[in-house]
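The first chain written gets the first letter, and so on, giving A, B and C; residue counts start at 1 in each chain.
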Amino acid sequence: MSIAELKFDVAPLPSVMWKQTRAQLLSSLRIPAFSLTTILLPIMFFAFFGLPYVHQTIGNTNITVGPYVMASFGAYAVSSAMVFNFGIGVAMARGQKMDLLQRATPLPSGVAMAATVVNAMVFALISLIALFAFASIAGGVSLPVGTWLTLTLRLLVGAVPLIGLGMAIGYAAGPNSAPAVTNLIYLPMSFASGLFIPVAQLPAIIQKVAPYLPTYHYGQIAWNAVGAPTESMESAVIWLGAWTVLFFALALRFIRLDQSRKFS
Amino acid sequence: MLRAHNLSKKFGAVVAVKDVSLDVREGEIFGFLGPNGAGKTTTISMLLGLTHPSSGSVEILGERVTPSQTAVLHQVGTLVGDPALLMPFTARQNLHMLAYLYPDVSDRHVEAILEEVGLSEAADRPARTLSTGMKQRLGLALALVTEPRLLILDEPANGLDPAGVHELRTLFRSLADKGVTIFLSSHQLHEVELICGRVAVVNRGSLVVEGTVEELTKRSGDHVTVTTTEPGRTAELLRLLPDARDISVTATGLEVAGVPSELVLQHLVTHGATPKEVSVKHRDLEEMFLELTRSEPPLAPTK
Amino acid sequence: MTTPAVELIDVRKSFGHLEALRGVSLRIEQGEVVAILGPNGAGKTTCINLMLGQRRPTAGTARLFGLSPEDRRARSRCGVMLQESGLLGQLRVRELVDLFGSYYPHPLTPEKALAMAGLEDQSRMQASKLSGGQRQRLYFALAVCGDPEAVFLDEPTVGMDVEARRAFLDVIRQFGESGKTIVLTTHYLEEADELADRIVVFDQGRVIADASPSEIKSQVAGKKISFVTDAPVPEAYLAGLGVTRVESDAGRVRMLSSTPEDVLWRLHQCGVEIRDLEVTGVNLEDAFVSLTSRQTAIGS
């Protein structure tokens, strides 16, 4: 009458993780509206804002517009991928009650979320590669190999606080309000951080607010990689670290609330 | 009351509905049956003037119905698919908003309808907080509140538990008594068998049969099944009946043909051999339905 | 004694002020086919949710194969078909079945799961493009793809047409015959009657009956009388006979009575013409309605 007589097997975690990631990736790729916008939008912005002046030097720096704008929209590409993927993606999945079914299966909790992170990273990487290719081919932007790599690494790692922001929105908002909320938060934030128009050219009020925004410091680490004058990297890392803690704490709170409403 | 004349509908090369004619008489409860994909929904769509038929016509209360001529539908109550509810508003408010368009409908009537569908207690809850069954009841209330002469309903018992289905049956009966015509479509053939007078079955776009439930579930050869613990004695007794033939013993009793069941029972009771059960062998509506609509090959392999 | 598949030990569940389950103890052995019935709001879905670890009891214990239902090891033996579900709609049917199978240690091949659900023709379709009935079958395929020992089905045949429902019930029956544990909730009492070895009836958060279908039917005394007649039968004719649930539609009259001979005698005396007479045992619906209405009368 003991459970010793029952042998319990479980599916190995690595293969579950691999299959789940692959499935979510395939699923995202099959939504052309999503996959194409993620990849094409940064390229469009670069073409609009950067291409016409690609070889002009900026102010009294020794950096040209090309790499600068490319870094800007690289930052936009990755940060928006993170915030929207999590903000809207997670809210939609919750709205469709995917989490209810997943929880009834032996899928370990956390695997779906980890797969979403990988998904977001893969899309971010793809959009970066597309943007860099476009910038170098159409815009003639040329940088040392080390710079390309540093920029990419910084953009991917530095986006972690924005994953937190996305998760917080995704678990707080419902599927109907998530797109609106995400846009309302992200667009003004990225604009005020100078990702579209350099901060120096923005109205004075916005210039005052900018240094408090996470996307501002995110932009800073990107611009620093291409050689533009920025704040110190230590400062940027501290700010990003603080925002990471804040956003993830918020996300955790909303996740707990959601869990207790559904699964307690 | 409701007539369809040779309705057909083509979507490109696909013929969804082919030459379907219906004649629903006033005051009857008519069942419209068919497997998924048989053309039921498309036909109902044409009846409600939501789709143009490729050919044929629809007449309700003597007036033509097409997507451009839908005036008569004001006198038709419908519940097709998920009820069209305004989610932020309460059940009562939903009803009042509809009733506003119909000056003859009084507040008292709205309350009476809420009572009739069993929503009086939940009347002040926002529609989005209602369970499926309650949303369904609200949908029914919306169909009924305008006091229509004809009801067109698709899966009216959706989301209702057995008690709710029973209440629905009672409601339909009282409506039929008042002369309301009910045209309903359902997969719950046991319910249809209980409540409908006539039914029509469509399969693959065409009408395959139409008739009363009694006719369609006709006993096969007048066989009466008797469940008894004394088959021997019962058989002897039955042989005494002049018209009795084909008396055969079964696992639970026996079968006999040629004699009506009430006579069988009377005879056995009079001779002190009251059986446990007496029933008339007939196929139920579900069996008839399957016979008519079984697709080839069967859906799931059986061992 | 082997480990039961499911055990609920004096379980209580409240949602705020609402007491959904008020002290339920239930034990389902491996290999049983159990149907859980009850009116809406009686606690059926809450009960299944507790069995599966979707919710936690407010008091008492729930066990799945002897472990906590939230233990992944226990869930690796179970397949589930819920009422409320969502899927990655862009994935194809076969891809989804393959994905869900990968959550289990010894899954069936996707082909086999698809065959069981009758979805071979749809294997390359995207899930979002399936019809309602096909979607239900997909959920079923996902419930069985892991080759589970126990299957939990919450109102599985909603939206299916007659043929699909019959095919589905055949598959479930075969499952049950192969020794798997099946726990199913349904409003279609004929389904419960056909499939289940054991029926558990919930009402207002408690178990009010737990027995085989025939035992439950026999708990309701009396017989069902049904006949065809030309003119409506006035209520007065049936006065004082103790008949219940009299229903009359399109010429056919039905009622329940524990003294059918008396009823027939009275009708005969009143000159009611009777054709196609049937006197049979009560079916599960009659038993069920009788049980739950009795409960309301006592409890209210």
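Side notes on the structure shown:
In the analysis below, a residue touches a chain if its C-beta (ideal position, glycine included) is under 8 Å from a C-beta of that chain, and two chains touch if they have at least 3 such contacts.
Since the structure is predicted, the reported quantities are computational estimates derived from the model, not experimental observations.
Chains that count as touching both chain B and chain C, per the definition above, do not exist in this structure. Comparing the centres of all chains, each the average of its CA atoms, the largest separation from chain C belongs to A.
Computed centre separation for the pair chain B/chain C is 22 angstrom, with centres defined by C-alpha atoms. Note: centroid distance chain A to chain C, computed from Cα atoms, is 46 Å.
Once the centre of each chain is set as its mean CA position, chain A and chain B turn out to be 55 Å apart. The touching residues of chain A, counted against chain C in their complex, run 1-3, 5-6, 8-11, 15-16, 19-20, 23-24, 26-28, 30-31, 93, 95-101, 103-108, 263-264. Contact residues on chain C toward chain B in their complex (touch as defined above): 38-41, 115-118, 131-133, 158-168, 170-171, 174, 187-190, 223, 227-228, 247-252, 261, 264, 274-281, 285, 288-289, 292-293. For chain B in complex with chain C, the touching residues are 29, 34-37, 131, 133, 158-166, 169, 173, 187-190, 194-197, 212-214, 219, 260-262, 265, 269, 274, 276-280, 286, 289-290, 293-295, 298-303.
Chain C makes touch with chain A in their complex at residues 1-3, 52-56, 65-67, 72-78, 80, 82, 84-91, 95-96, 98-100, 102-106, 126, 142, 146, 152.
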